[in-house]
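Following this message is one structure expressed as structure tokens.
Just so it is clear, A, B, C and D label the chains in written order, and each chain counts residues from 1 on its own.
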């Protein structure tokens, strides 16, 4: 049965763009007509050190704030989150709710037999895929990994449309937002890479869109059902 | 408008005490004078300082009179004080003043100066800090120096009595090495802080070390320092005003102590930056110095 | 840079149309934005005809402080600079405020404690500046996480303390705060607190009026003390004189002065009731016997808890305190009519709000007051934890 | 000298702790009652006209000619004193004066009771005193003397006075003069 609200936890490494992804996820959901909130983990994050962000999406007002302790969806942005324990939460799926979803960006399966059993018992589906390679193929840079992960999230949810995602991405890159020094620097690196801003946005959109389709297809294969109620009119 | 705040309405002149009427009629406000104000007027005019409760014969009290007599434009001058003996005189100064906390005087003055510049872009309002050595050099050193670094357009005057006097005679950073005071029962272990030199290296355009022995010299330094602060940047005056109580002198011995200081430990030191030098020359030419 | 002389009767120095606080808060049409607490504070300051701000970096308030700097660069704020540390900054803004400026600054956690001596000085000298406090943990050990223990240290500084729950409230409150703090019969500093990160760094939907309007400027001459600008009598005026008994006066002056600061905080109530739509906001099941009394993010979490409890068939309501100083005692007592259990959820190890509630209700209301659930060190307070705590009290031994 | 004892060392309880605050706009305060301005003006005039040694304490905002309103108010206050047959003692600044005040000729906010005691003042008007110092003084006066205090305020008024008028500018002062004249006539003075 679809829920009236879900919580998403995104453990990543500093510099991968998980905070940006959570921001876009919430903006896109808001555009679609959901209530949505995003926030980063509140730490002194440094590049390649653990970094985490969160998004909450619902058809009812969202009061819950801060770190997500009981997530419906966990998105692992980097294999080191699991292999080196670069995570604020151990194990990475701690607190995950029944019928949940785990998306792992990795070229190999990282689950132990015990992990698998725990998740199976909770009927949590796991999608492991090398989204970094996917981003390189789609956008020509690993810096679009977060866009691939974002596309995967919405592909699995199914109730936030591609135009809303597009709106979220455009909003993030066309408006002036407050970002930490590190994020601001990365923004400008990305911009340089693509020369033109619109070029950058298009590549990001394409990456997210392709990942969306891929994940939607995967959901059908594994029987992952609609998790979140469709937004109210 | 600033001078109007001293003008007593005719309806109330008959009920006002003489000191208040005097302040309006007989004080040397810059606006009423052609020549720069100065020490020479002290005997005949109404002073800006009323009776206060410092020790009889305190050199600080005398030096404050010289300072007040030399302000280029008292009716547009704000003085920021700090905790210490000087704060016993501050309520009695006929200007807008602030006490605030112990040590934060240069920070408060920075805020006041910047806002007065913002609120009165067409007026020249002087902001002067006047505090003791404990406030300026010990507890407030950070704020003193940072205001110099930031090039705040304020004048900082330190009444250096080389001791925490108001709290009962404890060693300060400005105490001379070897001096026995409370909290230094076997004598101070390190040299007096050369604050006037720190002021120079921290960006002051005018820095002086002197004693309060010669009223004219004090007045001249005050005036120059305030004028430089108006146009160029931060200025600093270190004036030795001994605590006669704590060094065991009687009420009539303060001047002698300062005169002795002139020849030795407080030999006149003056740093003037080239910009300030040039500006002071200009002031002299225009007759405002 | 703008000049104050660019201001006209109808427009401020940055060309924004001057409007009343009522128009700004209740009448001006609003449009939806999606932003963080740091960003929304900028939007509030932008519409507040602010004269001066001084900043200093400390997580999590740094972003808000940067953004006020941008407003200065854009000509919306008259004076702005980075101070040397929080003690210096809070003294610098005191100077700004005493010199007649509408003044705002921000700080967090250890910065609050470093600056502590200033806050009582601010209220003592009747300087009506606004401090936006983005609360975080205090040392030791070092933490930058959301924990609001520092607010307890501010309770008796003589400053008003308002607490915003979310990004929207931060916007509306910080505008109302200038107006209430500057009332001649109030005219004490105001601390608008939010829980750092939970509000400063959380991005959510907000409704904002257009940015072509701004509040009327501050009038420093309609104040209980003259500004320090040599423009208002008496000419002989020390803003904050020694009044202790030793050389002059009597104990009575200092005592009376202190009572006057507390009286001033009390006088803010009618203004705050109007501009905040009440000093407390109540939601949930109004006929419940269980109430959460909370402020800030804890009231958010309580609302989440209330919703989940209702799904389990347990009625509760959330009484959100919007002002801590003045404490909305009358309102709280009224809202507790029919309540048997009060829970005070908090983000600190001490439970200072529970202490406040107990002290204020002692002997006046017959309820059980449970100091919790509380978390500390920056932990989240999920609905699951709230439900568990409530169940242990109302349904002992049976669990959720 | 009024009664004094341990309880009187502190000016507590202040009016706000008894639940009284400044009157709303357009109204006045008589003790704890919010009343129409005219009602309060009549009562203030009556008290001043019928109390021993009624005195007006003008403060810096009206003593000095720092703006046009202050100059006009000075004229009106002088007239009020004449109509009310009140003495005037100025509060010309707020400094904690050293070594002591002369209670014959001045009142100081830090020990306003000294002037009230010395001159046996049973009713007084504070006007043109900055609100903070008016409140500091009124709290001391209400706990240490039996003087009936009236605050004529250009801003929000003073709940620590027994009667307070707020937003009093030249027009209101002129109206007060007219009302005082009426009350005086009614009293047969």
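By our rule, a contact is a pair of C-beta atoms (placed from the backbone, for glycine too) under 8 Å apart; a residue touches a chain by one contact, two chains touch by 3 or more.
What you see is a predicted model; the values in this text were computed from it and never measured.
Novice: Can you name the chain whose C-alpha mean lies closest to the mean of all the C-alpha atoms?
Specialist: Of the chains present, the most centrally placed is C.
Novice: Weigh B-C against B-D on C-beta contact pairs and write down the one with more.
Specialist: By number of C-beta pairs in contact, B-C is the larger.
Novice: How far is the middle of chain B from the middle of chain D, if each middle is the mean of its Cα atoms, in Å?
Specialist: One centre to the other, that is 38 Å.
Novice: As a quick test, compute the distance in whole Å between the mean CA positions of chain A and chain D.
Specialist: Inter-chain centre distance comes to 68 Å.
Novice: Report the inter-centroid distance (CA atoms only) between chain A and chain C in whole Å.
Specialist: 34
Novice: Two or more other chains touching the same residue: where does that happen in chain B?
Specialist: Each of 1, 5-6, 50, 53, 91-92 in chain B touches at least two other chains.
Novice: Residues of chain D touching 2+ other chains?
Specialist: 63-64, 66, 92-93, 95-96, 98
Novice: Residues touching two or more other chains, restricted to chain C: which are they?
Specialist: Each of 226, 231-238, 241-242, 247-248 in chain C touches at least two other chains.
Novice: Name the shape of the chain contact graph, picking from line, ring, star, complete and other.
Specialist: other
Novice: Among the chains present, which pairs are found to touch?
Specialist: A-C, B-C, B-D, C-D
Novice: In the complex, go through chain B and note every residue touching chain D.
Specialist: 1, 4-12, 15-17, 20, 50-53, 91-92
Novice: Spell out the part of chain C that touches chain D in their complex, as residue ranges.
Specialist: Interface residues on chain C, with respect to chain D: 126, 183-185, 187, 222-226, 231-238, 241-243, 247-253, 255-257, 259-260, 262-263, 266-267, 269-270.
Novice: Spell out the part of chain A that touches chain C in their complex, as residue ranges.
Specialist: The touching residues are 23, 26-27, 30, 35-40, 42-44, 60, 62-70, 171, 177-178, 180.
Novice: Would you pull the chain B residues touching chain C in the complex into a rising list?
Specialist: 1-2, 5-6, 23, 50, 53, 75-78, 80-81, 87-88, 90-101, 104, 107-116, 118-122, 125, 142-143, 146, 150
Novice: Touching chain A in the complex: which residues of chain C?
Specialist: Chain C residues touching chain A: 34, 36, 38-39, 59-60, 63, 66-67, 144-146, 195-199, 201-205, 297, 300-301, 303-304, 307, 378-384.
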